[in-house]
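Two complexes come next, and they have one chain in common, chain A, joined by chain B in the first and chain C in the second.
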Partner chain A sequence: MNTAELFEQFHKIALNPRAQKDAYLKDGEKVVLVTYYVPEQLIHAMGAIPFHTYGGDLPVNEAKQYFPAFICSVMQTMLELGMRGTFEGCSAIVIPSLCDSLKCIGQNWKYAVPSIPFIPLTYPQNRKPDYGAAFTRAGYERMVRELEAATGLQLDETRLKESIRIYNEHNALMREFSALCAEYPQVTATQRSDVYKSAGFMKKEEHAQLLRELIACMKQEVAQKSSGKRIYISGILADAPEWNRILEDYGLQVVGDDILACSRLYRDDCRMPEDGEDAMDALVRLYCDKDHCSLLYDEKKSRVEFIVQEAKQRKADGVILALTKFCDPEEFDNPMIKDACAEAGLPCVVIEMDRQMQNYEQARTIMETFADMIG
Partner chain B sequence: MYTLGIDIGSTTSKCVILEDGKMIRAMSLVTAGTGTNGPAQAYEQVLQSAGLTQADLDYVVATGYGRKTYEAADAQMSELTCHAKGVYFQNPKCRTIIDIGGQDAKVIRLNENGGIADFVMNDKCAAGTGRFLDVMAGLLQMPVSDLQKYALAAKEPVRISSTCTVFAESEVISQLSQNVDMANLVAGICNSVASRTAALAKRAGIRETVCMSGGVAQNHGVLSALSRELDVPVVEVEYAQYMGALGAAIAAYEKVI
Partner chain C sequence: MAEETKKERRPLDPNSAKYKLNQIAAKAYSDAAEAKARGEMVGWCSSNFPVEIPETLGLYVVYPENQAAAIAARGQGEHMCNISEADGYSNDICAYARISLAYAKVKDSNGGQEMPQPDFLLCCNNICNCMIKWYEDLARQLQIPMFLIDIPFNPDYEVSDAQLAYVRAQFWDVIHRLEAFTGKKWNEEKYKEVMGYSGRSSRAWLRATAKAQYEPSPFNGFDLLNHMAVMVTARGKKEAAEAMELLEKEYEENHQKGESTFRTEEKYRIMFEGIACWPWLRVTATGLKSRGINMVTTIYADAFGFVYDDFDGMVRAYCNVPNAINLEHARDKRVKLATDNHIEGLLVHTNRSCKLWSGFMYEMSRQIGEKVDVPVVSFDGDQADPRNFSEAQYDTRVQGLMEIMEANKEARA
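What follows is the complex of A and B.
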């Protein structure tokens, strides 16, 4: 396949995760729904497929009976999809307790979607000290026990190391792809987004194989001339098709991101466990050593400087803070990031995102203005 | 050389014809916005007022909510960029623009050259916009232009605490049923718009000179309340309602020179 055909392949998968899920189920696979920072390697080592869900771009009808209007639309649309039967056939859903909104989905999920067991994953606030690691490990062990009950599969300790290796390899490819996008302005915002989105809907080894081919094809191409409007995006997610079209319409090239559903997931590799070393401990450390994320407690807010440095390193002309509506952790960080960008001479704009957005006119006006501003 | 800027807003359509990028030749305003025949009427009126025909125009730029669907324009440009150009043209000392339109509010910070240094827009809520004042004026059975007269005569403005236009309407009805003084009630309404706009302005950062554009700038009740909230003088820019159209005409001139 050539570059265009490979991007088309990613696009099809990104656009229709349900078909992907149904195909896996038809093949007799077990599918487990996961969201941010679930230790997918454990699920992979059990022989199941971790399948990302961050909700979808759809109006909320059914889920309204469980939530007020002013709550995160990622969570609302996750429940909506569950209630509409979109996830039918999945063995379980694992949701970590990373923000106040996610903490309260479980109680509703159990009533609203009884066919798919809800498995909570409780993370500690203080993850760095040994007691934080012990707490994290206890959470992982509980998750595994509940997953074993839900799927009938067993965690295979010997496969866990292999799963860690596969995930590390995939992480490296995702980082390489991100760096290439900064060098190749012809990669559209939609294409870039499709690669990240599809990663959550495929077995990691399958996605890695496609991505390896894509990277090889991209490297054979000549980089086109840049629009001169290189942007770095931060936020929880920014994958709506209309949003990507807006970026393309105004010639905005995404040269890097701190999007949770994109680069943040692939930044850190798990240290390969030595022979005789417990592989789960290595996974625990992977989470406990993570930094630069709005959802992870950090009194020094190192994320702020991290974003400025990344944007500079990628030679971004401006920074977009894609703020998921009603996301408290991101709202807390944004004023600090905006100030730090101003100090570094990086134009920065905040734009509110919502899974239920039907009309993007205001987003279009803001992006058009931002493109004028940095162009 | 004649360039035309048309600002197709949510409630009004405005046109400005600029001569050689320096002199305002004619202006027009029709109180009908996007999706109506307002833009076409404003266009015809401005040509008539300038004594020109379509053939005399060198370039047309459309801005505002209806810019994408206006086919007679040579180019489109965002209303924030146009407002920045228009206000800087009128007042080069301006460093912060507060624009309250029919359906949105925006704050634009300018650099020394008139370029946009930062900007913020309100979310998709009518609170703190011209629409809020329209709703309240309707409720009080007075033209929106009368709000200023009442607001400036107030001794003890009442407090309207609700952020939402619908809830604020209930609050105003409740005040009316208690027979509060009309001037104090109208001043409370103006203060309420000013307080939401000031919060938005503080997010962008206030640098003097602060200018106000948009239709609401003509309501000095809001203007002076905003000045109090921000603790800096806020001046009404001349032809406040035409800044988007003026900026579009300037942008059109810049396209052809």
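What follows is the complex of A and C.
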């Protein structure tokens, strides 16, 4: 396949997670829904397929019986999809309680979607000391126990090391792809987004294979001339088709991101466990060493400087803070990130987003102005 | 998780529990201000941070949530929210946090409630993770250290050994780090004393609030919103234990004499769910009282029952505060209060500020309503931002609740 065909492949998968899930189920696979920082390697090592969900772009009806309107649309639409039966056939959903809304959804899920067991994952926020690592491990062990009950599968300790390797390899490819996007302005916002989105709906080894091909093809190509509007984007999600179209219409090239469902998931590799070392402990460290995320305790708010640095490294001309409406963790960080960008001479704009957004006119106007400003 | 501080209409009897409790709450601010003036360190502290720690170490702390409630009750909530919103904070953020971030910046509440600026922050997220974000911002803005005790939301009914170990280790870690930072020393004797007073205050509080079991109730439930400030901040002090015991005594005497602080005929008894709407306290109270509806109980009655015998018991108590427990546990606590206090209806404040408190309240209140067989009605509001409340909606909803309670009474008669 050539570059265009490969991108088309990613696009199809990104647009149709349900078909993807149904195909896996038809093949007799077990599918487990995951969101935010679930240690997918453990699920992979059990022989099940971790399947991402961050809700979807759809109106909320059913979920209104459970959530008031001021809960973020990621949670609202995730519950909505569950209630509409979109996830039927999945063995379980694992939800980490990293923000207040994530704490709440599990409680609602038990009653709203009884057909898919809710498996809580309780992470420590004080994750650096040994007691934080011990608590993380207890959380993983509990998750595994419940997953074993829900899927009938067993965690294969010997396979875990292999799963960690597969995930590390995939992470590296995702980072390489992100770096390439900064060099190849011809990659559209939609194409970039499709690669990230599809990663959550495929077995990692399958996604890695496709991505390896894509990267090889991209490298054969000649980089087109830059529009001179290189942007770095941060947030939880920014994958709505209409939003990507806006970026494309104004010639905005995404050269790097701190989007949770994109780069934040692939930033850190798990240290390969040595022979005789417990592989689960290595995964515990992966979480405990994680930083620069709005959902993780950060006394010094080092995330702020991290974003400025990344944006500069990628030679971004501007920073977009894609704010998911009603997202507490991000709302508290954004004023500081904005200030830090201003100090660093990086134009920065906050733009509110919503998974149920019908009308992008306001977003379009703001981006038009922003594109003019940085162009 | 706050206090009421509106002006008294009648001069209070200085021997009354209410007077004493108000004094204790006010003294917390003045003691801290004096300490600051003497050059001592002062901390800002989350409402459900283990108060035993600063109390035993002899540290002066004040409570931003209480301050924000006082500011809101005195009509300055919107003014303060506007300041933080101008700095880029979204108006979807908890209004307590918005008020507090504004206060840390301008250091003046426009007549709301002043308090000394902090040298350190004591944060505990057993009520919400919003608290972590808020205190992180304070720490960065003010360039001061933050001491976090992370008490995760417990998806299970019981506190697991793993959670207990994790939280216990943090208690000690924070104690040691505070010793190093402030130069104060942990003292077992002093801790036992604090634990003793905290237990006395808590038991008296539980007994006092349980007087609502009498019909009519010897008190107006809005009293609890007022008095709980002392339970939050000072329950480890001798004066608090004594004042709570006095409160219990007064409520019992009220019952004996056929009196009540609910100064009208008690026609209906309800449970109230959520934080008070401080900017609209008068309106919300009058809306009930004018219909003879007494809010006889709230989860606060249970929430401050910090009764434990040892360090682990204390750790467990902090793991079991209302916003840290799962739906079933939270529901059962309320069902017990509802049953014990013979309520006839449940009024739920869907609080725009508080995602955790409102995020599974629809389902939980449905279940409570079914189990106790009472009508459930909710209204939209906010504990500190006056813009998120509609008097008309409140009135309609309360009227609706009353009509169902009335129909139920007739059906049972």
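To be clear about the criterion, the second predicted complex is superposed on the first by the 375 of 375 C-alpha atoms of A that agree within 3 Å, B and C clash if a C-alpha of one lies under 4 Å from a C-alpha of the other, contacts with A are read in each partner's own complex, and residues count from 1 in each chain.
The working rule: a residue touches a chain if its C-beta (ideal position, glycine included) is under 8 Å from a C-beta of that chain, and two chains touch if they have at least 3 such contacts.
The structure displayed is predicted, hence computed values, not measured ones.
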Quick one: is A:P68 in contact with chain B, with chain C, with both, or with neither? Answer first, second, both or neither.
second
Considering only touches as defined above, state whether A:V255 meets chain B (first), chain C (second), both or neither.
neither
Could you say whether A:T365 touches chain B, chain C, both of them, or neither, answering first, second, both or neither?
first
Name the chain, either chain B or chain C, that contacts more residues of chain A.
C
Should A:M373 be classified as contacting the first partner (chain B), the second (chain C), both, or neither?
first
Taking the superposition on A as described, I'd like to know which of chain B and chain C A:V350 touches: first, second, both or neither.
both
Examine A:L210 and indicate which partner it touches, taking first as chain B and second as chain C; both and neither are also allowed.
neither
Is A:L265 in contact with chain B, with chain C, with both, or with neither (first, second, both, neither)?
neither
So which bits of chain A does chain B touch that chain C touches too?
350
Per the touch rule, the chain A residues reaching chain C in their complex are 65-68, 70-71, 97-101, 103-108, 110-112, 120, 122-126, 129, 131-132, 134-135, 138-139, 294, 297-301, 304, 323, 325-326, 328-329, 331-336, 338, 350
For the complex, which residues does chain B have touching chain A?
65, 77-81, 104, 115-121, 123-124
Residue ranges of chain A in contact with chain B within the complex:
342, 347-350, 352, 359, 361-362, 365-366, 368-369, 372-373
For chain C, which residues count as touching chain A in their complex?
87-90, 92-94, 97, 125, 128-130, 132-134, 136-137, 139-140, 145-146, 148-150, 152-155, 160, 162-163, 165-166, 169-170, 173, 326-327, 350, 352, 355-356, 358-364
